[in-house]
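Structure below; questions to follow.
Should a chain be cited, it is by its letter among A, B and C, assigned in written order, with residues numbered from 1 in that chain.
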Amino acid sequence: MNNYFSIQDIDALPIWVEEAIAIKKNPLSHKTLGKDKTIGLLFFNPSLRTRLSTQKAALNLGMNVMVMNFTGEGWSLEYEDGTIMDQGNSEHVKEAAQVVSQYCDVLAIRAFAKLEDRDDDYSEKVLHGFINHASIPVINMESATRHPLQALTDAITISEYKKTDKPKVVLSWAPHPKALPQAVANSFVEMMQRMDADFVITHPVGFELASQITKQVPIDYNQENALKDADFVYVKNWSSYQDYGKVIDNDPFWKITSEKMKLTNDAKFMHCLPVRRNVVVDDAVLDSKNSIVIEQANNRTYAAQLVLKKILEKS
Amino acid sequence: MNNYFSIQDIDALPIWVEEAIAIKKNPLSHKTLGKDKTIGLLFFNPSLRTRLSTQKAALNLGMNVMVMNFTGEGWSLEYEDGTIMDQGNSEHVKEAAQVVSQYCDVLAIRAFAKLEDRDDDYSEKVLHGFINHASIPVINMESATRHPLQALTDAITISEYKKTDKPKVVLSWAPHPKALPQAVANSFVEMMQRMDADFVITHPVGFELASQITKQVPIDYNQENALKDADFVYVKNWSSYQDYGKVIDNDPFWKITSEKMKLTNDAKFMHCLPVRRNVVVDDAVLDSKNSIVIEQANNRTYAAQLVLKKILEKS
Amino acid sequence: MNNYFSIQDIDALPIWVEEAIAIKKNPLSHKTLGKDKTIGLLFFNPSLRTRLSTQKAALNLGMNVMVMNFTGEGWSLEYEDGTIMDQGNSEHVKEAAQVVSQYCDVLAIRAFAKLEDRDDDYSEKVLHGFINHASIPVINMESATRHPLQALTDAITISEYKKTDKPKVVLSWAPHPKALPQAVANSFVEMMQRMDADFVITHPVGFELASQITKQVPIDYNQENALKDADFVYVKNWSSYQDYGKVIDNDPFWKITSEKMKLTNDAKFMHCLPVRRNVVVDDAVLDSKNSIVIEQANNRTYAAQLVLKKILEKS
């Protein structure tokens, strides 16, 4: 594997999930694989789970880790070709990516959507800029439109907890005071299309995700109907794709409550975190035994470790 | 030992001090104890000594270290139960603490007093929030009201330098242009009550520390009188506890000078640093042979290393 | 070697260059030299190459690394002797340097020129403050007036690429929208005076570097003339030394173009990076085969590793 930009870079999902679960049972089983190898983690945005779990994964493989908050610690980057760089940006991604490739064996990058210009975000200029110019493998730690480490984590978690071969999985939009990117939802939708699942998305009218991502996935605008008999309820807010980056509706009705969870087949509750309690989901659900958000966060380490292991094995 | 929140978590002070001094003589004696163990250092505030000495202590034990400046690098945290999180905070400490516990074996946290609301600071919501929800041991790297790594350091330093079994130790308030927390003073006062010392506190009227901490410790409002025959002069500014967080007096008379040091029994000068020269203490004192502030800072490593060693040995 | 403040700390340049090239061929050849040794990297300014390459160099030698952004993560420092510290600065460099010396075996510091007061910048108060008070070796990661790791890198790079014993090297000023320090140019000029090179500086009138640095080096105010038959074109902007810190001229004519490169002897193009494309130099030059800026950045690791190796071998 060269890069891990989206879940399209997973060649055989069931084998990957199986391998991740094996890593989880014995996290230090490949402690020498990363010996004298260095990963650079470049953050353009805040991060708790991704920051720590990716470091931990690298340490479990015996790698060296260099963490850099690009904004503030480094130079403001330019991504466009041919620009006369007489404005705010001091360095072009062409140099930054090539230079960092000299010091690291693997690169991992977080660069959120700005939610100002849809074409700009969906062009993935930061991740593609680094991928195009780096000479080492690049891992996506959440880009403008994708969060494939989270989606791999979710596949692992669902595989661990599912009681039937083809569980019913519901992705439900939920209210949130701020406009959030679509990356987590996009990658989860892509992942569910590759898993053996009865998958449905539910959200208010106007929050349709990009059709090139949702494809044939059924959308139910009636949340209660969608939740019926669900085995997994995956909750996430995102801002509008059509009216790009806008919070066109914030109806508190969409919050996940214990009452709604009763409509399900004793479903597990999932969320990528951070989660705003009593806005996105009630305390009673998050603190219930059916909530698996902490174990889900735990699996972030093993998803990252699997991806790193595959990269190291190939290089 | 589960957590190191305050010096109450020290079960046998003389043995701890002896053990810390042994570690200092041979810092790499337990280089494999922390093998494949990871400490997460979470900072909500600036730090020089604590940041570097705690890292160094972990490295001496062979641990992996992950450092995170929570403010800026992570998400703003909510600490209250039951809040509808539709305001500035993105994540609840319930999730943050549980999640970080998945990636680390030990957690260390720095979260200063805000000095706005006494009950809020003395409730220690940040440290207690993490301790209550983490599933791994938590170390206090200076909380709103306590700095137990500093106090352990001070006990080690006084033990090294004392010439009599029961030295006279004076904690003197000193002027400072900014309002500072009471954490260092509180933990030092608690520590001196556990050591064999003739201990007295001196400060202007109105700067009394919390009585539940000072208990029966004598307070002398006459600094020069208090300093007489002192073997150790420990200097620190703090803001008012009664008129909470206020600088109710900043009389430059309270600065420590060479003349005042002459009142002592050739006392050693101590300060936790950083120190404002010629405001808190004169250059002449800080640069004299009696100043042991640098060796005191050096002992921060061995205090942290002892605490970590005890945690690792128990886990 | 005690400190690496400027290239005056290089005792035998040709041997150093040879040794650096040997390290480059086998970067892990001294993997145990730094065992249980710790380097502290203190940054007062942004950094990409220096931050990562110096870490990488230390890792290649088996050292532990502690990185600290002093501004923000630590305390604001005072450098003047005898100050009554009742203003913004919380800690004196006297304490900071001595304290950090307790936790590290080697210190590396980046502290740019402020470009407000020439005497202040050229007094090098930050680096000299740390060097004077530290008890461990200090490495300059770009100070107010010098960048000796870059200059050593440049010597290595020129040695690798030169086709004649005494190549013609041109240092050309170039336009830039912001006022930049003279550190890179100063150290490069000092280095070229120690190498066997036909060296000339070209810049607009008024951009003369300090005469105590340029000494007898010829200055040609005609860029095109200077570039004739050059084997290496080293480009860098700096602000005025005379009219200190000012951008007294920003004539776009001085940008390096393909046409200008045709005047040279098929010269290699060098720049320390970051570089503003199409302001300092055209895309066509930077993306040409003659541009060696990426390999130059790569050599930062081996320059730093050589300096660290020499320090570790002596300690």
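Here are some notes:
Heads up, the rule we're going with is that a contact is a pair of C-beta atoms (placed from the backbone, for glycine too) under 8 Å apart; a residue touches a chain by one contact, two chains touch by 3 or more.
Listed by chain with UniProt protein names: A, B, C = N-succinylornithine carbamoyltransferase.
Computed from a predicted structure; not experimentally measured.
If you lay the C-alpha trace of subunit A over that of subunit B, the rotation comes to 120 degrees, to the nearest 5.
Different-residue interface: subunit B and subunit C share under half of the residue numbers found at their contact. Between the CA-based centres of subunit B and subunit C the separation comes to 39 Å, rounded to the whole angstrom. For subunit B, no residue reaches two or more other chains under the stated contact definition. Residue ranges on subunit B touching subunit A, taken from their complex, read 36, 38, 40, 64, 66, 68, 72-75, 78, 81-87, 89-92, 94-96, 98-100, 102-104. If you check the complex, the residues on subunit C that touch subunit A are 28, 31, 43, 46-49, 51-53, 55-56, 59, 69, 177, 273-279, 283, 286-287, 293-294, 297-298, 301.
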